[in-house]
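For reference, chains read A, B, C, D, E and F in written order, and residue numbers begin at 1 within each chain.
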Amino acid sequence: MPDQNDLTLSHLNETGEAQMVDVSYKNVTRRQAVAKGEIKMKLETFEAIETGNTPKGDVVGTAKIAGIMAAKQTANLIPLCHPLPLQKIDVKIIGDKTLPGYQIEATVITKAETGVEMEALTAVSIAALTLYDMAKALEKSMKIENIRLMSKTGGKSGNYTLLNP
Amino acid sequence: MPDQNDLTLSHLNETGEAQMVDVSYKNVTRRQAVAKGEIKMKLETFEAIETGNTPKGDVVGTAKIAGIMAAKQTANLIPLCHPLPLQKIDVKIIGDKTLPGYQIEATVITKAETGVEMEALTAVSIAALTLYDMAKALEKSMKIENIRLMSKTGGKSGNYTLLNP
Amino acid sequence: MPDQNDLTLSHLNETGEAQMVDVSYKNVTRRQAVAKGEIKMKLETFEAIETGNTPKGDVVGTAKIAGIMAAKQTANLIPLCHPLPLQKIDVKIIGDKTLPGYQIEATVITKAETGVEMEALTAVSIAALTLYDMAKALEKSMKIENIRLMSKTGGKSGNYTLLNP
Amino acid sequence: MPDQNDLTLSHLNETGEAQMVDVSYKNVTRRQAVAKGEIKMKLETFEAIETGNTPKGDVVGTAKIAGIMAAKQTANLIPLCHPLPLQKIDVKIIGDKTLPGYQIEATVITKAETGVEMEALTAVSIAALTLYDMAKALEKSMKIENIRLMSKTGGKSGNYTLLNP
Amino acid sequence: MPDQNDLTLSHLNETGEAQMVDVSYKNVTRRQAVAKGEIKMKLETFEAIETGNTPKGDVVGTAKIAGIMAAKQTANLIPLCHPLPLQKIDVKIIGDKTLPGYQIEATVITKAETGVEMEALTAVSIAALTLYDMAKALEKSMKIENIRLMSKTGGKSGNYTLLNP
Amino acid sequence: MPDQNDLTLSHLNETGEAQMVDVSYKNVTRRQAVAKGEIKMKLETFEAIETGNTPKGDVVGTAKIAGIMAAKQTANLIPLCHPLPLQKIDVKIIGDKTLPGYQIEATVITKAETGVEMEALTAVSIAALTLYDMAKALEKSMKIENIRLMSKTGGKSGNYTLLNP
């Protein structure tokens, strides 16, 4: 439980105001974060995407590109995120008839003084929103669920793995 | 069930390739969309935010600003969204001890040829990610859940209200 | 030859300084622009893309999404372009073994006081650059050629069609 | 011919889906890329720019600034480009009566794990589009031609120079 | 004194939280705003810019372009600003030996439900910062002063002119 | 007086054209910049903000977030700024009844080949503009004043402290 010993909100300074944490004294290390999430829909919506998707793969392909590009916008979207160079962004989107819907997984790697959890979570979120956008003419009741950090590695605070993924 | 009669994915053209729908022949009308979502966390994380948050309100206040600003970035994040003028963006974030966590609601209004469902959903998603970012030093196992469109009004396709919110 | 009667550079004011033209007194009309361009490569590069491309279509699909998203960034890239709402952006990318390479065509529609020529040309340019990016491990000597405005319609200055396309 | 031994499209993973290459294991080295391109126009258009341009230099100066700023947007425009720190961006635009039109050259330098070919090509492309934008009231039939990578240096894959520039 | 009758901060809702004002019920009218500001420097800095500036005009020309482009980013920078179409942006920068330094003036025009005061003020601010950036190797003690709204016209709240400009 | 020995405008090349300085041969060192500025208003405007601000702190809190986010946009706003990773951004906004108005201070830290003066000055400027935006319904005659660099540390050119702050 590496994240429970930290008794303060690191983004809040002594007087309670928002601040960006100073990471300039931390070491540059290779850091990786993996996040997941899913979008649930009616079976007929899922089947329409799967069928319509077959010849060109554009629904899933577009969502994947959107997720990759969004990871690069993370520091512009999340106010207190540090702008970081990113060495790899990968987004996987897998159809899951049992949901029914899609499982989304993003992996982001940096060599920096701080981690890329937010980049991975942002990639998953925007990929899910893009799936919603591309299928919303079929169904507006789709829900984006279970966006979560699966693991992080690298950095002084040690590795983290979600216990109940 | 206003969205079930539409038998095709409007973002896919005849040959299955992604396309942005032509809305130039649609009328400009006042359109509103409301989306909701939530972030769940441990009770001690929730209480730490609520306590640390009291004097300045910065965790929730920062997430709210992030949501509003993200709504304005929607067309830059979601590949096939139309860039629209926006006349109002409102983001509400309410602590809910029973989750425990926060309920997030976004309302977006435009006068345009197409609706602002994606803007409302994007505002909710980025506000939730910002809450995650600001509390992740306390807990990494928070989950973003149940991001959904509550309602849309305006436009030729009629109004929509989620049946099981 | 509708564009030869205009004897001044409309972006230059009386003293020769750059300026953004005032279009506030022009009427809002539906306007469309079509632009084309191409990327030329070795036959083996073309065939590698075509083959590798078959199962998922990602090289061409990614370039297409990049072109659509770039059209929305036009006013942020071209200093004196007016920010406009866009009602439709379409990008077509067609393999052409005789080049060898790819033909790219973009169509953009707005209802505004000024046209979308730059949006169409920007979509073509960024789609071509994305094709280059995705194949540059195979060949760095690809060339982007013949980016041109094919036609524009709408607006007081009348329609335009390129004579020798 | 340093780029012909690479038999796979590095942006495509095993199953044919688009991916951003992992460069985290590559060394940071100083890397430079040079790209060129040109815009061709009627002689009278060229002369109008040259004349109108004399007192303040704004057409060419604006295009140059646009090219420099666009290089910094490369990773936001090209989906699978890595966001990189850039240590130098230079854009040269030279009038060439024999085209008639303008020769554009961009040089970009980074110290990073991957090169800046796309940044140099993007700078050339956006500078050319800006020239088009600023002269399009005079002539819409201008064409952007011959956008190409001239050379790259630095990095493990070795140097590259275009054989027939 | 048209702005003193408004007893509430329109950006604060009933409970004191930040909100974006709903302008969807306001009429679209042509609106203009003019803002000014100045940057003060040592006489030798001013003279160096004026001299170095003569042949190509790049210091002032670059700042002018930066101001125009920044006006288009206003809604992305100021959290509660509405994204608006802009029909004209003009930035004038005039050397003033008596400061010594530069006077900057921006004029922005829209046809929208709300005004463009922030766009004009943002253009002035970023143009001033660009002047600072381009001369800071000569002098770091330059100061940006007196950024103010000169006038606004259009809209239901009436016109405004600064009494002591 | 560390900045007076530099006899040339480093952003201008030999022929007077704008250029981005090559910093690739400079060492990466920890660099910090501090900038300040203020916004002046009528006493009743100040008191309205202070009173309305008490329960939630949103006027000042929103301006602070805007300043932090703007620092990350500096290289996209100032044409010749280098894009840099940033390790810390802090913005302080303090009410000052004697102005009356608000004092704004920004501190930015990087580990890079060049400094972050422009990032600190941009954070102050956008925070001040946001204060203006949020109070402009009360008073349009507010003025942004005295935006200046207080100090910079790190880098070969040595430290700098403003003599008459």
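Here is the rule we go by: a residue touches a chain if its C-beta (ideal position, glycine included) is under 8 Å from a C-beta of that chain, and two chains touch if they have at least 3 such contacts.
Remember, it's a predicted structure, so these values are computed and weren't measured experimentally.
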item: Chain pair with the higher count of C-beta pairs in contact (C-E, A-C); value: C-E
item: Chain whose average C-alpha position is farthest from chain D's own; value: B
item: Distance-maximising chain from chain E - centres being C-alpha averages; value: A
item: Chain centre separation in whole Å, for chain B relative to chain A (CA means); value: 16
item: Distance between chain centroids, defined by C-alpha means - chain A, chain E (Å); value: 37
item: Chain C: positions in contact with at least two other chains; value: 17-18, 56, 58, 61-62, 65-66, 69, 73, 76, 79-80, 85
item: Topology of the chain contact graph, where touching chains are joined (line, ring, star, complete, other); value: other
item: Residue ranges of chain A in contact with chain B within the complex; value: 3-4, 6, 8-12, 15-18, 37, 48-49, 52-56, 58-59, 61-62, 65-66, 69-70, 73, 76-81, 117-118, 121-122, 125-126, 128-130, 132-149, 152, 160, 162-163
item: Residue ranges of chain D in contact with chain E within the complex; value: 56-58, 61-62, 65-66, 69
item: Chain F residues touching chain D - in the complex, by the definition given at the top; value: 17-24, 75-76, 79-80, 82-85, 112-113
item: Residue numbers on chain F that touch chain A, as the complex places them; value: 30, 61, 64-65, 68-69, 72-73, 84-90, 109-111
